[in-house]
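First chain written, first letter: the chains are A, B, C and D, and each begins at residue 1.
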Amino acid sequence: MTKGIKIATIGGGSSYTPELVEGFIKRYSELPVRELWLVDVEAGREKLEIVGQLAKRMIEKSGLPIEVHLTLDRKAALKDADFVTTQFRVGLLDARAKDERIPMKYGVLGQETNGPGGLFKGLRTIPVILDICHDMEELCPNAWLINFTNPAGMVTEAVLRYSNINKVVGLCNVPIGMEMGIAKLLDVEHSRVRIDFAGLNHMVYGLDVYVDGVSVKDEVINLLTDPNNSSFVKNIQGQGWEPSFIKALDVLTCPYHMYYYKTREMLEKDLKNFENGETRAEVVQKLEKDLFELYKDPNLDIKPPQLEKRGGAYYSDAAVRLITSIYNDKRDIQPVNTRNNGAIASLPDDSAVEVSCVITKEGPKPISVGDLPVAVRGLVQQIKSFERVAAEAAVTGDYDKAVLALTINPLVASDKLAKQIVDEMLEAHKEHLPQFFKVVEA
Amino acid sequence: MTKGIKIATIGGGSSYTPELVEGFIKRYSELPVRELWLVDVEAGREKLEIVGQLAKRMIEKSGLPIEVHLTLDRKAALKDADFVTTQFRVGLLDARAKDERIPMKYGVLGQETNGPGGLFKGLRTIPVILDICHDMEELCPNAWLINFTNPAGMVTEAVLRYSNINKVVGLCNVPIGMEMGIAKLLDVEHSRVRIDFAGLNHMVYGLDVYVDGVSVKDEVINLLTDPNNSSFVKNIQGQGWEPSFIKALDVLTCPYHMYYYKTREMLEKDLKNFENGETRAEVVQKLEKDLFELYKDPNLDIKPPQLEKRGGAYYSDAAVRLITSIYNDKRDIQPVNTRNNGAIASLPDDSAVEVSCVITKEGPKPISVGDLPVAVRGLVQQIKSFERVAAEAAVTGDYDKAVLALTINPLVASDKLAKQIVDEMLEAHKEHLPQFFKVVEA
Amino acid sequence: MTKGIKIATIGGGSSYTPELVEGFIKRYSELPVRELWLVDVEAGREKLEIVGQLAKRMIEKSGLPIEVHLTLDRKAALKDADFVTTQFRVGLLDARAKDERIPMKYGVLGQETNGPGGLFKGLRTIPVILDICHDMEELCPNAWLINFTNPAGMVTEAVLRYSNINKVVGLCNVPIGMEMGIAKLLDVEHSRVRIDFAGLNHMVYGLDVYVDGVSVKDEVINLLTDPNNSSFVKNIQGQGWEPSFIKALDVLTCPYHMYYYKTREMLEKDLKNFENGETRAEVVQKLEKDLFELYKDPNLDIKPPQLEKRGGAYYSDAAVRLITSIYNDKRDIQPVNTRNNGAIASLPDDSAVEVSCVITKEGPKPISVGDLPVAVRGLVQQIKSFERVAAEAAVTGDYDKAVLALTINPLVASDKLAKQIVDEMLEAHKEHLPQFFKVVEA
Amino acid sequence: MTKGIKIATIGGGSSYTPELVEGFIKRYSELPVRELWLVDVEAGREKLEIVGQLAKRMIEKSGLPIEVHLTLDRKAALKDADFVTTQFRVGLLDARAKDERIPMKYGVLGQETNGPGGLFKGLRTIPVILDICHDMEELCPNAWLINFTNPAGMVTEAVLRYSNINKVVGLCNVPIGMEMGIAKLLDVEHSRVRIDFAGLNHMVYGLDVYVDGVSVKDEVINLLTDPNNSSFVKNIQGQGWEPSFIKALDVLTCPYHMYYYKTREMLEKDLKNFENGETRAEVVQKLEKDLFELYKDPNLDIKPPQLEKRGGAYYSDAAVRLITSIYNDKRDIQPVNTRNNGAIASLPDDSAVEVSCVITKEGPKPISVGDLPVAVRGLVQQIKSFERVAAEAAVTGDYDKAVLALTINPLVASDKLAKQIVDEMLEAHKEHLPQFFKVVEA
């Protein structure tokens, strides 16, 4: 890293890129990026061009000596990179729309990370990620892979189990969002709040919460279950939980827990949207389209404020914060997806978990939490089972494993539905799932 | 045990008792029972009288020197007992009908062991079992408690965690039924088949299956997934599984797994029955009524063959087999519910598991199975979480814990539904759940 | 196994062979051996001939249709074998003499299994065992390897970690000897006594002891610590333990524990013998010489009673008992060395342990014992550390690992002594340790 | 903590106190101590007076508003304390001399922490610590107990297991000393070096070592085993290790490891000193005497430089650093003794370990290290076994447990020697071991 830092961003044409660029500009004094390579595939060439030009304008405005490279040549981008960030989407938002819509036809939530949608996103994504890892071994063996492509837990699990890359971190904006929500609830600065996180990606719990280092969990649980706060809580927590449930659970949930602790309600809501033709994918497609219209404006040289509504806010910022801490051996605490190594009891040492870590130059070191509370242990284990079987299916192209993964997924819980959904989805995503069609071709 | 064995059977008025008596008669040469005390509560006096008289006629016919005592005085029965068997039903079949019907109203499976019905059966049963344990400490501290009251897993967990009785075994006829089904499928004698069982009560898996000690698992999986066998398989396995699911799962399931791997289908079937006014409780009530009519016949002096259709076949026989092995230090292998002690990785040492054990005079010693297969680990952990939170709710009468237990149950998976069901069920079973109404009375 | 059983005995020229042959004769009705192949190396040709002729006379006397083959061609012996037993000694008793004498020169116990002697015996033996495993993969992939070559724990560990043979059992006569001693102490038939064994080879503890299935551990501990019994106890236990130690330890020790709990006394005793020129190797060499003189007698057609004094009594009988139980799927309980699989907490699943197992046709299934008592956990872990580092040194020929293994051995506990002993022993055993001299030759 | 911080220092008359006072002065801006209570027992009154007056002069010179209180009334000192530090020595240095000399008479190392000396120091200290804990529950239930009384590992274990105080940290200067030694070896600033520590007190290993966050372990191992460095290495590491041993061990050792990996050499050295009448206790007694002479000087108002030679350098500084991090929720990494909570595999969650922790206002949170390297697992487990049995003996006064603790200690390894040493030491320390003489008095 002597001549300044080289960053390679796979999926550089993403609408999130301006936040990433803003992050690098903001933190330049600590993190002297010399080269930022935005890579994309042929299908994303136009987006890459648009967002790449915006990135260049932003850098120019900053006056910093950061070179921005736009390329379709992944190997050139990876060559000697110090950090590789991945934020690509195989099959783009059209694929996401299928991930959400097809399960709906069977009365099942799509859920694009730990649900059926997540299975298929994983099946499409994992082979590409492992291919990137393979290139990294050769072109930048000392680089860190910072993945925020979803399903981030399953992807990190796959990299840990099926590649030779050990320097991988999976990243999500959910934990930081939880902290910000709690800060708002308590009406204190975010910087004063810290949560002990443990669990899996999109299945993470706040085991304790502190203000200025003093536990305020009981107070937070009381506020969250106080009917006087209900409208505010709904705002930060979605529909709001039954007070009895949260009191007995006695830990903080993440927004994605609603899929598992309010399955019926979420299904009804999504079915209604589905019938009205509004899935999340469509909403996002519309948002993206508008964003890229903005990005095209040759006078725009900042991250436009509209991006924050995109849903992935703080994602890229979290990535830059993580990279800064690794680069500077900051030893601050951040919740990331990493190798468990005993931090959470009952999960394998070599599985990916999402847990508060100390971030050093050697990467994240998980803080040991021991046993998870009894009541949450089951669901965490179940999603890990799903992630592992799904990752195996992605790597092997084993049809039966795909059916198994979906059958044991708590949103499906039916071998018959699992088979039907797998059959229709394999066909729908055929183009991006060559590993499942090898035999047919033979 | 010098003067012959004393057995105390709590819930002696059960329709199952004739099978138990038959078992004692059959095995008398190995298991010299001197006294059999059938105990029941006031509400069961009539049934106790009917079934007790049949028991006496059966013994008389056998010519064996076994004394049969009928009593409502539990303490007299427990005094110096060698084995205590429990097969009672708090609230009788009326309560079961509520357990099944109320969840149905909310579109949720009742499932009387690991589902919502099981929660309420547990809440009613556990305090009574702990009360029996308390009596045992004083009256027969060296006796074995052989429980086959459902939910047997949750009840065994509660005894292990909340009583001072260590000599407890939970018993179920599901594993023996699985072995018999596989024997039929393979067309060999049952005695030649052995399955390595591991999991929880009504959530038990066959990790391997042997004929004459040689693994035939692959062959069995093939037969179970062969479409030519489908009608036979449905017969022994209910609706039959998707071949892909079973192949990838690669272990044998138990019939209760259909609730978790075919949730939608089971719900639809039960809802249909429910709408037609036919729940399992009603079916059983009718069967029981007919059985007791038979039992009244003063000429009947054998276990009537109709009892085998009752659904609990082989239960009592399994109990007598277990007692015989303990009494004689037989060291044979039987699947029972016992303290895990490390046999199944990822479950606490001090939790109840259902696992193949060597049965010695000192009780069951579990055979170590190490890690469960990845794909089943989640569901097993989830049901264990449910059992533990439910047992805690039963002991403490904590309303919030009851809501939590139901929310994390995979058949409910909704805090809102959980609360609604708990509210209605607490009210419906009020009489048998004093621990939840202490505060109201204060 | 259709045409009768084929046994291949590697190291067939051993003085123990007559016991093995006697065992096969005694158990023929259950274990129909058709072919017994006694294999040895060129250096053991004469012994093989002598003991082989005795074996033939014994079989002839029995009138059973067992063929005895004597050969130096290991591959011919292994071809289609059902059971392979290994009882060879690389370097013969001369090597053992060096194993014992060299450490003595440095004031350290030789101890031929878990001590420095054991390290060098392991370094010589493990490559040969792995070579046999390699042949077995090809010539008899379904055979069971029954090893009683010492150090049996380290050898079993090495087979489990470094070969593709899973069907391996390590065998020792220590546990059966402990049971027989306790039976004598209690003055009851051996068949009525059973001990729950757990630990490692030559580092095994009796966690509980039963007569007719009832625990008598407290009584046994009392007897073992009663001064009135001291002469008897010394007889079965060697020097006898301090009563305080045994009372607080509260489990049964094995004779080899004297090396670790009486290190000073054992060292002084052995040093004295050493100064008098009498090591165990010399004693055994004399015994062996006498035995082979007996074996030569063409009129001898039984196992001569003198063999029982050889020290390895019941070894071969234990082997035949084990083979019989595997062959017949007997499901009886025997203490053997096998894959831990979670049976003993704190030891890896994939390490070899010595533990009470149920013996099935699929091999031993360990009975779960959970955590070992606190006081013994350390020593067990330490010997396992030694075994694992030693096995790694044996496989890799890594000099530093050999020094490390000896440094962490509790009988050495000095890096300087370790290096000195390793240096002298490598030189002394050079001929049998080619893996350590590859670099020198290059 | 609103009105400034109150510190209670038990054993305030210790010669270390000036370093503690200096630490509080140096860090006042971050750690506003209002009251420092130095407590001692009647026997230490004179020393307390001398060192207390020095403390007052030091504070006065600093001009800071810190009140120094000298008292024999422990309860007054504990009342509302925020931090309690313990650095007392039951029986003073006379007892230490016995701890070292008596084992020597039996040819055994005294070793005042994890050896026989440590056992007796623990037996004297633990009841007093538990008594302090009992007072703390009542007088300052929210205070942190920062213990640096040896044997710190055993004492922390005892507090975790046998008191109701959870807020306890055990402290040692060994890890910081290791880091400083490595910094010197590499010729870099100490602040640039960080070691991943894991193990037990005085049995701690450096699993990895970083300069500026980059692992330099291989380089360090090379330097440590390079003969050209040997004189320097001896200087920071004592006698120096065999290169083969350190290369294969592949982790950093602490100075106390010499007792376990160079037992023979250490014994010979100590025996020589012993024969010359120079044990460490005597050396320290002399040093202490000189220090107190210095302290008496009414013109002395700084920590005299001679104190650094006392052997416990950086101890008190480490304590103040720890307190500062807790008070300010600094979240920096420090190696301390705390509840394992899964950080080190194979050790119980509820045992004390010495491990790198993030220091928060809620105390230390251990960084998960997973499995220790195979080669060190045994010794760590063995010392933990010793600590646990010893702590149990201390609490119960059980003679047999004391013999057991010493028998399983690797420096003794003989039940006979253990008994002899226990017998003589119990008698010698009778005055301070009332728990072992209760029966005699009855």
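The definition used in the following text is that a contact is a pair of C-beta atoms (placed from the backbone, for glycine too) under 8 Å apart; a residue touches a chain by one contact, two chains touch by 3 or more.
As the structure is a prediction and not an experimental result, all values here were calculated from the model.
Hey, how far apart are subunit B and subunit D in touch steps, shortest way?
Minimum number of steps from subunit B to subunit D: 2.
Any chance you could name the chains that touch subunit C and subunit D both?
Both-contact set = empty.
Rounded to the nearest whole Å, what is the centre-to-centre distance of subunit A and subunit D, using the mean of the C-alpha atoms as each centre?
So the centre of subunit A lies 45 Å away from the centre of subunit D.
With chain centres taken as the means of their Cα atoms, state the distance from subunit A to subunit C in Å.
Those two chain centres are 55 Å apart.
Please output the residue numbers of subunit D that touch at least 2 other chains, ranges allowed.
none
Output every touching chain pair, sorted by label.
A-B, A-D, B-C, C-D
Looking at the complex, which residues from subunit C come into contact with subunit D?
107, 241-242, 244-245, 247-249, 260-265, 346, 374-379, 381-386, 388-389, 398-401, 403-404, 407-408, 410, 413-419
Which residues, counting only subunit C, touch subunit B once they are in their complex?
194, 196, 208, 210, 212-215, 328-329, 331-333, 340-345, 349, 358, 360-362, 365-371
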